[in-house]
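Right after this note come the structures.
Next come two complexes built around chain A: one with chain B, the other with chain C.
Up next, the complex of A and B:
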């Protein structure tokens, strides 16, 4: 469904990704791991069409990715970029006007599930609740690809737990592909179908997690330490 | 159902094991409906694809049956239930004996120890 062919991405003199070949299938929850600066966000942004490869191509369903891919991709950025003077409800309503695939009933369902008050202003939300709002906005779009850049980072364990449960409950694992980057391996260990390791801009390994357990009796953490040590 | 799995063993097998035990112990009875894939995924906090695979495996072993549009049910076939019961027993005994042998216990010691333990157990009741 998503295919990287010999993708290299350079920023000025720095090479963020080098000769990456990658195939991702729908119906999977895929983790993207690597140290800071390894190229995780660059990989996400290439799929979202926010940046273009310096060399090679990124395709979604056989079509070259451009900025217009936004109609098929829901992208949760590491940054908070919402209007702080809106309430939670107004933010949801605003998103519904921006994306025709936005399912407002689903947003309401996830908001209730996450126990997030609809009338609180975004600027008054705690960091954890802003994290929850991002999840609501990302999962409410009915698109084939969900990209989540560090959805768990900097959040306390209870919020991380509610986000993981939210993913299990609201992602359509038959039709959607989820690619999420994270440092919180423990939290996502049990929900990933596949895991991809990036190191210094290169793709080092791409594994089916259950096969990894079956073939090598290794969990993701052990597998990672064998790669990064 | 607790949500701790060993990260170094396939989750679908651990989950299948767990369900087999619930069936053998009677926690899940013949003819009972299993929770939906999504419900099990949420309650045990694992990927729905993994639960799907577990259900497929259990179905292949005959211990559960899926009925179109209705869900997955524990089999009412006595022969299958008995054979799973026997299989789990054998597995446990095998594991136990393996550990005892690894620590250097002889069969006579093990048998005697077991007998004493089990008798003590009944005396306590």
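Up next, the complex of A and C:
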């Protein structure tokens, strides 16, 4: 479904990703883990078509990824910037007009589940509630690929818990691929099917979480420690 | 189309501060000039002059509007560019809303220019209306035309920003702008080739005012239109239209393919 072929991404003199080869299939929730600056966000943006590889290619269903792949990819940025003059409801309505696959009923269901007031202006939302809004906007799209860059970052444990539960509840695991990057590994471990470790721009390992657990008797955190030590 | 219209609606909201600023600045200028000239007895003349001057200043309305609107998006490129719409559609939504706001602002100003202008140059045979319409259309078309160059410059700025600090990117674009202006307006537009491709389709506009002559002191104010029989070449407009379409295409292509988040 998603394929990286010898992908390198450079920013001036800094290499963010180096010769990455990767294949991701639909119907899975995949964790992208690594230290800060390892290349997680770069990987996400490459799949979303928001940046271009310096070398190699990224394909989705055999089609070269460009910015307009947004019709098949729902991308949650690590950034919190939304149109501050909109209310929560207006933001949802605006997204619904921009993406034909946006399911407004699902958005309303997630909004109610997340307990987010529809009439609050985005500029008045707390960080936690902006995080919730991002989740609503991302999960309400019925697209093959959901990319979530640090969806749990900076949120309190209760919000993180509701987001993780929301992921289980509102993702169509038969049809959708979810790729999420996070530092809160313990909290998402139970929902991950696969995990990818990136270190200094290189893909160091790509494992099935269940196999890791049964074959090597390791959790993701232990596995990560063994990689990074 | 539905998606694009929703985008236009959003752009109206983003660009509203520029319309309000244009109107507020005009009203403040109007009040100051009226109060300052009232005791000398030529407040209406001053209203007309400020209307004409501010209307002329709208040559830059679209450029300022686009700089502001693109500046707002710069902070949320991950939102603006994460959209399946072609970049030309994203930019067109901004151009359309900016143009509508400019027309609203110009209409308000036109009332002052017309009422005040009638006071110091009482044309009665429709000359004012004709002059006004020619000026109105030229301000609008020049403003849009200029803003397309500004869009390209801003997108180049976004591109360079990936490789250097924002300040250096801004300086590079500023230098590039003047180099381009010199090559295009200084060399090309003054060449025989340019005259050959633009000087066709002569249209006679008749008498058109092209300047104002002021003679003011504390006792009186005399304002006269200076003008002459004027003609334009359709070729100039056609070539400029083709040029800005090419510039717009390049800007859209760069935004689609090269600008990164």
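Criterion: the second predicted complex is superposed on the first by the 229 of 229 C-alpha atoms of A that agree within 3 Å, B and C clash if a C-alpha of one lies under 4 Å from a C-alpha of the other, contacts with A are read in each partner's own complex, and residues count from 1 in each chain.
Note that in this section contacts are C-beta pairs under 8 Å (C-beta built on N, C-alpha and C of every residue); 3 or more make two chains touch, one makes a residue touch a chain.
Note that this is a predicted model, so its numbers are computed, not measured.
Room for both chain B and chain C is found when the two structures are superposed via chain A, with no clash between them.
Between the C-alpha centres of chain B and chain C, as viewed from that of chain A, the superposed structures give an angle of 160°, to the nearest 10. Once the two complexes are laid over each other on the shared chain, residue contacts for A:45 go to chain C alone; chain B is not touched. In the superposed model, A:169 makes contact with chain B only, not with chain C.
Of the two partner chains placed by the overlay, only chain C lies in contact with A:68; chain B stays clear of it. Touch criterion not met for A:89: it reaches neither chain B nor chain C.
Judged by the touch definition given at the top, the superposed model places A:11 against chain C, while chain B stays out of reach. Using the contact criterion defined above for the overlaid structures, shared-chain residue A:192 touches chain B, although it does not reach chain C. Across the superposed structures, the minimum distance from chain B to chain C, using CA atoms, reads 28 Å. On chain B, the positions that touch chain A within their shared complex are 3, 5-12, 38, 41-42, 45-50, 53. Contact residues of chain A toward chain B in the complex are 27-29, 164-165, 168-169, 173, 189-193, 210, 213-214, 217-222. Within the complex formed with chain C, the residues of chain A that make contact are 11-12, 45, 48, 50-52, 66-71, 75, 77, 79, 81-83, 85-86, 94, 97-100.
Interface of chain C with chain A (complex): residues 2-3, 5-7, 10, 13-14, 75-79, 81-87, 162-163, 256-258, 260-261.
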